[in-house]
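Mind looking over this structure? Questions follow.
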């Protein structure tokens, strides 16, 4: 059954990918990328990886589309034609693909319980988590506690991405505002359309509430900091789309966003340092409370909060960096 | 029982992709992506029950949200693209 | 009781699948953009009600049924709004193109 779903979805994935590469209309490519993201998320879901599916949907289909559109607003709408025929890159790609396909002949079957990847650490995680950490979602246990260093690195990668984008995009901003024509059409933005505005106003509190639910529910079901950060950022971006970027900036000004970005990463690091002060190793949460299991749970909640805060701040910083350069705003 | 529904939804998604690939105007593609998004929500709900994991319904809710925000973002982009074109036509030399 | 619920679910799933399929064919075959939007938005709402209603009948009284109800309400609220915004944008773009196009002579 899974095979049937996966085959269907993967076939559509290949068709979409070929279409994305072939088209020269960049806007069509962005739309097709949204479909590609949704297909990937559905694929992950069919393979029973719910956390990854949620993150892919929230970040890939939602936020990435908005950011691509922001970038597209600053550049041309059509791809420049290639200077020469790309025979050498095509050859390299074909050789690499053939090598990878040849390598898959040696791989164990999908989901084979005797595969090496299921032999060493994975059964240990599955058997020891109820004893050591006692949360139902093992993925969050692995991400937050067993592989806490990796997640710390991920938060700093996201932080560095925000810094990079802010460097690139805030360099050349025109100082004075573009003089808008006196009779600017009232169709600017969606803020003059009643229906999307009212529906958006109804939904934004629930979106943020849902984001918080995903944040704190990460121990029991699919969820966690990354997904929650993306969902809350999507709620604020919806507000910016409906009411104008200026009011979204008034609600969450730039210094606050930058404080969120730095604060999230700082919170995560501080949890680790506090663990060291309390006698354990860096990011060893067991010392955070009297009972080591409770300490692990407290640690995971705190670092997930740090991740969520950092991701929200980063996505909103990047969105405002793009939107501020748009001469139509 | 769930299998027939999920197959019907998959077929709908495939036909929506055809419209996204063919659609002569941009709005056809946006329409196709919107349809695709709602069908993904339904597919996730059905497959969640098919696999006996009802706690995956959070994904469906998140996808519904993302679909909505994505379509509105695209439309806002179109609106300001029209204004941008007028700015380029009339006041382009004022920009640094 | 279980049998009645199962039959009701089957009926709802059947209706839902049929409606979704018809909508997909409509999106593919209708001549203009607006007729396609019409096909897509109507069948989206009805298909969502039927499919999610069928699953809700199977879920009984549980948290999952509440989540399904939330998903259904969200879809019913946002899907028509997206269709409205899309149709509005298409009409305005057409008007803008018609205004900027050179006037045909007599």
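Which chain is which? They are A, B and C, in the order written, and residues in each are numbered from 1.
Everything below uses one rule, namely that a residue touches a chain if its C-beta (ideal position, glycine included) is under 8 Å from a C-beta of that chain, and two chains touch if they have at least 3 such contacts.
The structure displayed is predicted, hence computed values, not measured ones.
Asks: Can you name the chains that touch chain A as well as chain B?
Replies: Both chain A and chain B are touched by C, going by the contact rule given at the top.
Asks: Across the interfaces B-C and A-C, which one involves more C-beta pairs in contact?
Replies: Greater number of contacting C-beta pairs: B-C.
Asks: I'd like the Å distance between the centres of chain A and chain B, where a centre is the mean of that chain's Cα atoms.
Replies: The computed centroid separation for chain A versus chain B comes out at 17 Å.
Asks: Express in whole angstrom the distance between the two chain centres, defined as the mean CA positions of chain B and chain C.
Replies: One centre to the other, that is 12 Å.
Asks: Please report how many Å separate the Cα centroid of chain A from that of chain C, as a whole number.
Replies: So the centre of chain A lies 27 Å away from the centre of chain C.
Asks: Mind pulling the chain C residues that touch 2 or more other chains?
Replies: Counting only residues that touch two or more other chains, chain C contributes 74, 78, 81, 85, 88, 92.
Asks: Where in chain A do residues touch two or more other chains at once?
Replies: In chain A, residues 187, 190, 196, 203 touch at least two other chains, as defined above.
Asks: Touching at least two other chains at once: which residues of chain B meet that condition?
Replies: Residues 30, 32, 55, 58, 61, 65, 67-68, 72, 75, 79, 82 of chain B each touch two or more of the other chains.
Asks: Please output the residues of chain C touching chain A within their complex, sorted ascending.
Replies: It is residues 74, 77-78, 81, 84-85, 88, 92 of chain C that touch chain A.
Asks: Touching residues of chain B toward chain C in the complex: what are they?
Replies: Listed in rising order, the residues are 1-2, 4-5, 8-9, 11-12, 15-16, 18-19, 25, 27-28, 30-32, 34-35, 38-39, 41-42, 45-46, 49, 54-55, 57-58, 60-61, 64-65, 67-68, 71-72, 75, 78-79, 82.
Asks: For a test of understanding, state which residues of chain A touch chain B in their complex under the given definition.
Replies: 1, 5, 8-9, 12, 15-16, 19, 27-28, 31-32, 34-35, 38, 41-42, 45-46, 48, 50, 53-54, 57-58, 61-62, 65-66, 69-70, 72-73, 174-175, 178-181, 184-185, 187-190, 196, 200, 203, 207, 210, 213-214, 217, 220-223, 227, 231, 234, 237-238, 241-242, 326-329
Asks: Name, in rising order, each residue of chain A that touches chain C in their complex.
Replies: 187, 190, 193, 195-196, 199, 202-203
Asks: Residue numbers of chain B touching chain A in their complex, please.
Replies: Residues 3, 6, 10, 13-14, 17, 20-21, 26, 29-30, 32-33, 36-37, 40, 43-44, 47, 50-51, 53, 55-56, 58-59, 61-63, 65-70, 72-77, 79-84, 86-87, 90-91, 94-96.
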